[in-house]
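Right after this note come the structures.
Common to both upcoming complexes is chain A, partnered first by chain B, then by chain C.
Coming up: the complex of A and B.
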């Protein structure tokens, strides 16, 4: 009888020890897997940003927008054609740079100044295009957030700014990686001053513009 | 059933746990080592990606420099020959690029201390533009030997340098098509006189010879000259300045409707065309046309004998063999312009140049503007009839 109890206890201890061994081993495997995924995500994000530099809009179905006629809606066919802007040969990065350039917003004391924005449609069309591209490249594997931001002029009380966010996120997720690239805004100090002139916000002394656009891609899982 | 195992289960379990712990320790150690390698690898990969994106951004800057150069030179195309014009584009693009790259070098560093844009200053950058398919522009930007993008990892363990000496850029603007089309227009400028002569002659036959009275009308000659110009544009560019033509045909100017008479002064009209180019009449090659022709005077000079003597009647020519008389009249029509005419074409299909306009940026098509040197255009009309007729100026 004692011998039987001893054997049962022996088996129970054995089972407990096996469980401990399995738990210890599986923890190592799980940690390893997460590092792998994170590295993969990082590489994917980098490749995606790099592909923006070399892929043209034409490869993703083209890109065109309608130029607003400076406050007038041009609805008749001839005018529609004259205001159509077909930019199919531009790379995705070029489109990001030019959308930022053509849609710079003026903010005075943190409040956006309402302006006539003839190129407003370009921003919307770019969002649609980039979403299509991101869905194709990373969308099947990860959720994502693309952030585009530039502040070429920051005079404290007045700013020239462009921001865009495209995301596909649902619920609480873990951020796997965040990769950034820098693009440059094709502009000059003189032209930036001309944009500010109507707001009587041109500084009397020379200022140092910062025409770098930061493009960040976060992947979430 | 009195048999015993080799060792008790608990002893075997303990052994397995010890083995598992050894494995975990081993895996952790190698995992740590691999993580270090992965970090190094990721760091190198990240640096390489960064270097490539900067390279591509500089390509983009080169493209923007060519856009600006094309835009500036295209607006003054008639000031150059084909050779000097290309040289001017290359030189301007190189200047814009050199200026921009110097600024960018410091701006990159401000945003990311790992970046060092090392552009050798032994010689200025050199741009070479050439024709690509369908008249688009290809550019090869050459930087001084030794120019490179250098990046250093945060821990300064990894350093990467990629050369930036030759950069190929495609420019989505059909500069060479515009140049060739304008060359054709200018080469065949004589066609305007031929077309104008044909139209004047047709008018003479239709309205004059049948009634015996040929009326030389300055307004009509003006309209016919402008129509001949438009037809030559249509034949060469596949379109014409039909907005201007329509405006003329509606006789807005002569109607005295002040507010409509010149709704778009030439300068502002031209600027509107730059942003809203008229749709080409023919889809191929897809060019929009603007012209500025302001006629100062139309004059007629009779060249047949009776006319030279100041008579309205045509000159009689007796045909001895048949005993009949053929009536002959000939006159030269001269249209004199106020200023040198301007002919401008736009790459309607490619409104791709982000150019500053007024207080904002817009995408404009590339313009190619030509100021012609000719201010006088002449044609000669000859008319014969078997019946007498007179020619008079109204």
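Coming up: the complex of A and C.
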């Protein structure tokens, strides 16, 4: 009886060792598969960000919007014609830079300060355009999240920021890669000072001489 | 020492069977693993080749990374160089609306892809047109060993 129990125990230990060995080997195979997908995702994200530098809005149906203020847009024909901006000839990177510059937000102690933003509609139009481009380039292969943000001009109690997120994510996914491209914010210290003029205590030395916009593309699978 | 014909032989047969199963599983996993490694090597080679095409072979005259100019002769020359090293390749550039702007090595691909494993991938590229405008296209690269 004891001998039988001993044999059963031996068999169970042996089977356990086999299971552990097979599990360990299978894990190695699965890791390789993820490496391959991740390598491709990284290359695809880099190519997509590079293509933003030279592809114009014209290829994706154009880019135009109406100037307005506080959400108000003139709806009579003469005003609509004179306040319409058609930027179809600009590249996607140029549009990102311009949108960020014209839609910088001021936050005082973490609270957004309402500013007159005549180019507010530009942000929405850019979101639609970039989503269309991303659906065409990476949308069929991966899910994605594009983050556009200025490195915040942080002056303690006042922050000057721009942030935009465009994503197509559903459910819990694995992040395959994250690639970032830096663009320069086409502005000068004087222009930034002008935005912050109401906040008298801002020291002029606080600005980065070359403020940048980070464009990050994450691919998920 | 005493031999128990029933139980000892049964134990031995069971142990041998389990060892056989383990050996078979090990061999299969090793086979799958080496196949995956080979595929991964091929895939890395494909990514390198695509990078070479974008950054060197087809790069625009002003050397701007990410912007390419279509040149059949340069692609054919690059494909020949790879072929000398035992790697066959086909390259396609297709616009987003499906127009084929360049195809090199497609006939080789259709003849050979039944007999060897192949890797393929596509990347967005911006093509500089003759009139100076740009066009977002897809670079499709396929490679296989000959």
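Basically, the second predicted complex is superposed on the first by the 175 of 221 C-alpha atoms of A that agree within 3 Å, B and C clash if a C-alpha of one lies under 4 Å from a C-alpha of the other, contacts with A are read in each partner's own complex, and residues count from 1 in each chain.
FYI, contacts are C-beta pairs under 8 Å (C-beta built on N, C-alpha and C of every residue); 3 or more make two chains touch, one makes a residue touch a chain.
Remember, predicted model here, so these are calculated numbers, not experimental data.
Of the two partner chains placed by superposition, only chain C is touched by A:33; chain B is not. Of the two partner chains placed around the shared chain by superposition, chain B is the only one that A:186 touches, whereas chain C remains out of contact.
Touch counts on chain A: comparing chain C and chain B, the chain ahead is B.
Using the contact criterion defined above for the overlaid structures, shared-chain residue A:112 touches neither chain B nor chain C, since it reaches no partner. Contact with chain C, but none with chain B, is seen for A:51 once the two complexes are overlaid on the shared chain.
By the touch criterion defined above, A:169 reaches neither chain B nor chain C. Within the superposed three-chain model, A:59 lies in touch with chain C and out of touch with chain B [touch as defined at top]. Using the contact criterion defined above for the overlaid structures, shared-chain residue A:137 touches chain C, although it does not reach chain B. By the touch criterion defined above, A:155 reaches neither chain B nor chain C. Using the contact criterion defined above for the overlaid structures, shared-chain residue A:128 touches neither chain B nor chain C, since it reaches no partner. When the two complexes are laid over each other on chain A, chain A has residues 10-11, 14-15, 18, 21-22, 25, 28, 32, 35, 39, 43, 47, 50, 53-54 in contact with both chain B and chain C. Contact residues of chain C toward chain A in the complex are 7, 11, 14-15, 18, 21-22, 25-26, 29-30, 32-33, 36-37, 39-40, 43-44, 47, 50-51, 54, 64-67, 96, 121, 123-126, 128, 133-136.
Partner chain A is touched in their complex by these residues of chain B: 8-10, 12-14, 16-17, 19-21, 23-24, 27-28, 31, 35, 38, 42, 45-46, 49-50, 52-54, 56-57, 59-61, 63-64, 100, 103-104, 107-108, 110-112, 170, 172, 275-279, 349-352, 354, 356, 359-363. Interface of chain A with chain C (complex): residues 3-4, 7, 10-11, 14-15, 18, 21-22, 25-26, 28-29, 32-33, 35-36, 39-40, 43-44, 47-48, 50-51, 53-56, 59, 133, 136-138.
Of all the residues in chain A, the ones that touch chain B in their complex are 9-11, 13-18, 20-22, 24-25, 27-28, 31-32, 35, 39, 42-43, 46-47, 49-50, 53-54, 67, 69, 78-79, 81-87, 89-91, 93-94, 97-98, 101-102, 118-119, 179, 181-184, 186-187, 191, 194-195, 197-198, 210-212, 214.
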